[in-house]
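Below, chain A partners chain B and then partners chain C, in two separate complexes.
Then we have the complex of A and B:
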């Protein structure tokens, strides 16, 4: 037998190097290890508890105060009342016009965005060469990085004027203006999710169809798009969620009259959305009044819509995962009969497959061109006009004459303070929570409900966080409009995102790494800190950076919690209010006549700040992807 | 228990939720030998292996009764330390699972978590472990390159080196060659035979020729039960049970 010939492996007695004891019983070294492990576990548990308590507290707080309006006016009156007029002689609190406004703006936005996005997604995934793809994909993603207040500014200064003149209307502030802006904002979301779905249709299906003599377009139409249909539906629903939750851009361009358009198809009518109502009225509401409760009612309606949108998207995605294999198979068999053989069907066909492919590709290219043109116009408008307004004094000075003179330094610094504080709160809590949920808990009904709550808040409109921060931190806890209130509000807003992205990053680490470590006698914490976290770090970092970008560009959550329009100085304590770039731009644009150059300058600086943060995220992701190939 | 037994189970039963995966397993694994566990898929051989270093603790739904003794100590006893158990009883998995670190860091990981910090000592452990796993000559010039750049067979030998570095007494191997080509498999088999001079190896395998080539003892499992345990030559040439014979001769499984 072979055994006799093999040389023995030298036995290395490392016990000289290491501790002498043998056996598996209790030992001092083992006790220390267990203590460290136990302590870390408890710390993570506490952090997770705080974060999860915060998540549930926000939801309960909103529901509790929202329920008051049901007691005061009745559920039916609140939901179907056709008049919203809280400031009138006989205040009316019917949200029907607001819900109608939200749905109308969203529906028209989707009518514009969906064809353009799907066209772009097909173009990127199927038609573009790899060189074109590497330019167009990030360009469309760039649209997602532009802060909503910058969209609003663009809408106010260009779009509404254009609508007023082009359609000969008394005012351009309208449903149409809101929908166009929202469409541009939803396009990157829909495009990237739809593109993922299209790209993940297995190549065999593509080849199977081409091998039957189908043209590229027939393959796209009959095999690829049907195969990716559930992913595309999820993309559309996520885009809808994005459109419903948007506050600032809509608020700035829709005219905000709480009326139902008459006739209902009049796209030039002003409308008011649920989010816009919160943004406009929150500042002037008396604590505990019926109006105050009505605003919470509005927030609960938004929360409910978010829940519906989230659950629908989740159901579609989970069904997609179940049928990902069988779906395209079925499509392929069905398509085989649908693809007419070139030689056998010379009659009864009006257009040849080649011609219809040419037409389809032309339309698809056109949709990409429209999207890129929108990006180009917005960027050019702001960069060209904004760069002219930038000067050393503008960047380092304080504002004077209501922002018409001087600079925006306090706003730049204020934004950095707000974002830094938010990150300091959300990052440790969010990461600890995700680590606890993924590494320490099994999948139980409890963790599922925690995840559902986190998801709910993840999709919740930022203005709802603003309302929570205002009602709880500013009014109830008596923080006043202050830096700390803004930091906590922003922190709570990005907490769900950080939890979810960290969870995803941890989940992507194969279980075999953990097993390998445990099999060497590593403790849980040694395994997590040395084997699981290092490779997950780029993913966690990307999530964190994207959150920073989002926090820096948001106006709605800080509008009533932290921001003031004019301040000559930086805050000297956490209880003072601050200036912030997005809020400054909002007020300059909507309330200060004659400050257009300063508006452009502020928009430019804000854009630059947010886009460079996103750029950092893209670079981290790219480096990570390179490292993964190794 | 006699001196030559290192690992022993007594009336070991294990459930995954409702599923009774191991039924009354009593077996003695002799010291410094290679013991093979064979049997059709789902017969419980991997589960039995994972009981021996408490890797089943990581599966929440698992529940066990009976004893597993390592050098006479019950590793499931309330005082036993699961981490110390796994330090003494290492494991190599079906699919090579090196960490996404360098070759050096993969091997040094174990000693580091057990408190070795001195660079010289770590260097020595890394070198000797890699030599022990017959990988040193192939990687000595690129110790700081990523382990994932190695071939599958090299990765598996790295995983063996990694487990040698924490100086275990027993190495459990769960179908260590099933993801490898025949040449890499041959190298691992040679290595297993050499390892048995100083370590106890328990190997789960689907491949009966492999069991015959490398092991001195073989256990045949079927539907959660240990049907037969004996010297490998007996199992293959003159099995005591008809079930074993049917399996060996390829009538099922």
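Then we have the complex of A and C:
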């Protein structure tokens, strides 16, 4: 999950020199090695094409079911119609209120999350002592591990109520509630990526600035944050992507009234998002009806918006990288010229640098405190109420009486099956794609389109994966609601994360390792398998573990493809459906009255499962960070 | 040297990972073997979440009698149920609404079995002093004519209108029966489940919502004022037809049922099955 500019350039050029050389050495051993090299290259290439194929199929299948709505209402009416009322006497399918709702919720969420996240990132990277850092950093990352249905559960029970009372509103389900929840969900993503960017600003900048007499705050404000700006903007974009695509949490707290707030700044108005519309209406809509096509139309609009946001992000980041890369020297001199400015404390200054530092640090610490308080409240609510429901029978039994009695063992096992299968699909494909992209090709139009496809997959909302899995795997390929359909859907969903983290890990291996290996006469495949991949493994492992956490906690992709509410037996084949923890929690909280203790218990187990996976990731990273020699 | 050490680690991690996975699988398989003999016959039931509780309880009782039968129940919505049984991906579909013309045309083989009916109750917050409403007042609230409780005999407080999503069978029935197909007020907040509405109403003083008979925990069900007679929403009043808002629930099969599907449906229609229906706050078909 790091930004892309970390690529060391040297081995790029080297690759071109290498290629003719592989052909040398006509000895039989050399020929087989050459053949292996060639075969592996082709295999990796095929794996890399899977990402493109996935994007292609997703788009084709959404359009296949979605284009009829445009024929029926006209493109312009569909996009700008101010009324979404599919069940009315005169059905209206205008998505304008939904688009507005999506954008408003996202904008306010970003307005809340960005200052808090950047504050937290600066705190972790610059202000906290190493002891504090080792506690706070993982704590904030744990926020990312809380499944979205758990957030929704929390929002429904506590947050909307708090808003209603605190602001004296008739109803707490509102734009504001959605934005607060999304902000909490986006904070860990933005914080950890921004923190990486801030930490990677070279030490010399910092030392130079301090040596010239600037205060710590002046150094942060004028040298470090500007230096990390491209990474920080990438972080914000990633957070936005998460916010646009979120389904389950949002639909539980925004009220889902398809209105444009009046006036437009009324944060207490209920709103409805594109994802929320899919989440609440998809299950009940009649297949093949105009309403059904309209929902696929909504999915296309949603995909298009995420595409626009992501490409804007890419353009911004690459432009910034362009200027930053053109000369690290220039940046350094620019920074250096700023330092005396900052340090000399001009006469007109009202506040002394020391006071302004104190104020700034206070605000920064406050933002960390707010984030940690949010984490604390959510965890406490679930742990306090959930721990009581846990018993040996709850963990090992099968549910009875609609989940009010008995246990959740089939759901725990089902979640492990789903995640295991998703990983078995995504891990080989993802690593192969990343190796192909980093080690086998220079920038060509093909690699660019593979990367674009990966980015698009990464930005695709999980509910869209769910719809695709349903339309393609369940119905078109005839898998039915089954384990395999869920595994493939989840596998596609985590594929981009694995590709990204693997790419990042491979990039961090210095070119000199490869050069050394080639110089000793190793072939390309030998170099990759024995020299490049082993030290990259911790990075790859972290990525894999993080995607396990994501897959285990997702509801939207499995609710139309794999999950059943109850099953006494564990699945004995891939074509059978399974129970799964997040779906079980969703049904318990929304459809089964009188199952509150079991809801809390399930939320607690799900949280424990996902958080322990995240904890494993953090431990792996820490262990290898210590061991790292480079 | 570094490379060597790390590749040692790689092997260690890989071995450890494989072991964990194997253990998990072994544990699962072991448990499965111990819990029950593998099913001799297996059917899947999917569809409406309103009908799901009946299917689930009936399944538990049925499986207690026939240890070799495996019945898998899942939700997803009426349309999922109709589609699944029509396409043959499930053996029984559940629906809380009748088939639409598109669906009857697409799947002419579907056979409907009415297994119960469901009353739709109006619920308000427990703090609300309003006890009953006429159907006209309810319509006025849902179409936006009345926006404050004092217009319908309650306190001076804005009405928060809560309803189901536009694809819901419950909403469709409510819209036809109560609203006479008029449009819902635009600011209506929408939830996709009975439980969601109940939660929301129980926490919002000015709220009104509509749910099935089973969802009255922590909220106050309203009586209906029919021509001056106050009718409480009790099981008796609904069963006798006095309480006017109720609708049939269906299980669907492709063609006439056979084998385990037939046994299961017969069980639901038996006295024992209909006892289960009544115990879950639905109305048995025998009336």
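Everything that follows uses one rule, which is that the second predicted complex is superposed on the first by the 494 of 630 C-alpha atoms of A that agree within 3 Å, B and C clash if a C-alpha of one lies under 4 Å from a C-alpha of the other, contacts with A are read in each partner's own complex, and residues count from 1 in each chain.
Methods note: contacts are C-beta pairs under 8 Å (C-beta built on N, C-alpha and C of every residue); 3 or more make two chains touch, one makes a residue touch a chain.
Computed from a predicted model, the values in this text were never measured in an experiment.
Of the two partner chains placed by superposition, only chain C is touched by A:89; chain B is not. Legend: residue contacts after superposition of the two complexes on their common chain; A:577 is shown touching chain C, with no touch to chain B. When the two structures are aligned on the shared chain, A:33 is found in touch with chain B, with no touch to chain C. Judged by the touch definition given at the top, the superposed model places A:420 against chain C, while chain B stays out of reach. By the touch criterion stated above, A:285 is placed in contact with chain C alone, chain B being left untouched.
When the two structures are aligned on the shared chain, A:565 is found in touch with chain C, with no touch to chain B.
When the shared chain is aligned, chain B comes close enough to touch A:515, but chain C does not. Of the two partner chains, neither chain B nor chain C is touched by A:63.
After overlaying the two complexes on the shared chain, residue contacts for A:530 are found with chain B and with chain C alike. More residues of chain A are touched by C (comparison of chain B with chain C). Overlap of the chain B and chain C interfaces on chain A: residues 530-531, 534-535. Residues 2-3, 5-7, 9-10, 13, 21, 24, 28, 31-32, 35-36, 38-39, 44, 46, 49, 52-53, 56-57, 59-60, 63, 70, 72-80, 82-84, 87, 89-90, 100, 102-103, 106, 157-160, 165-169, 171-172, 175, 181-184, 186-196, 198-200, 203-207, 214-215, 217 of chain C touch chain A in their complex.
Contact residues on chain A toward chain B in their complex (touch as defined above): 2-3, 6-15, 17-19, 22-27, 29-30, 33-34, 442, 510, 512-523, 526, 530-531, 534-535, 630. Considering their complex, residues 83, 85-89, 156-157, 160-161, 164, 170-173, 251-252, 255-259, 269-270, 272, 279-289, 291-292, 396, 398, 400-402, 409, 413, 416, 420, 474-475, 478, 480-481, 530-531, 534-535, 537, 541, 559-560, 563-570, 572, 576-577, 587, 589-594, 627, 629 of chain A touch chain C. Partner chain A is touched in their complex by these residues of chain B: 53, 55, 58, 60, 70-71, 73, 75, 77, 79-81, 83-88, 90-93, 95, 97-101, 109-116, 121, 124-125, 128-129, 131-132, 146, 148-149, 159, 162-167, 190-191, 193-199, 213, 216.
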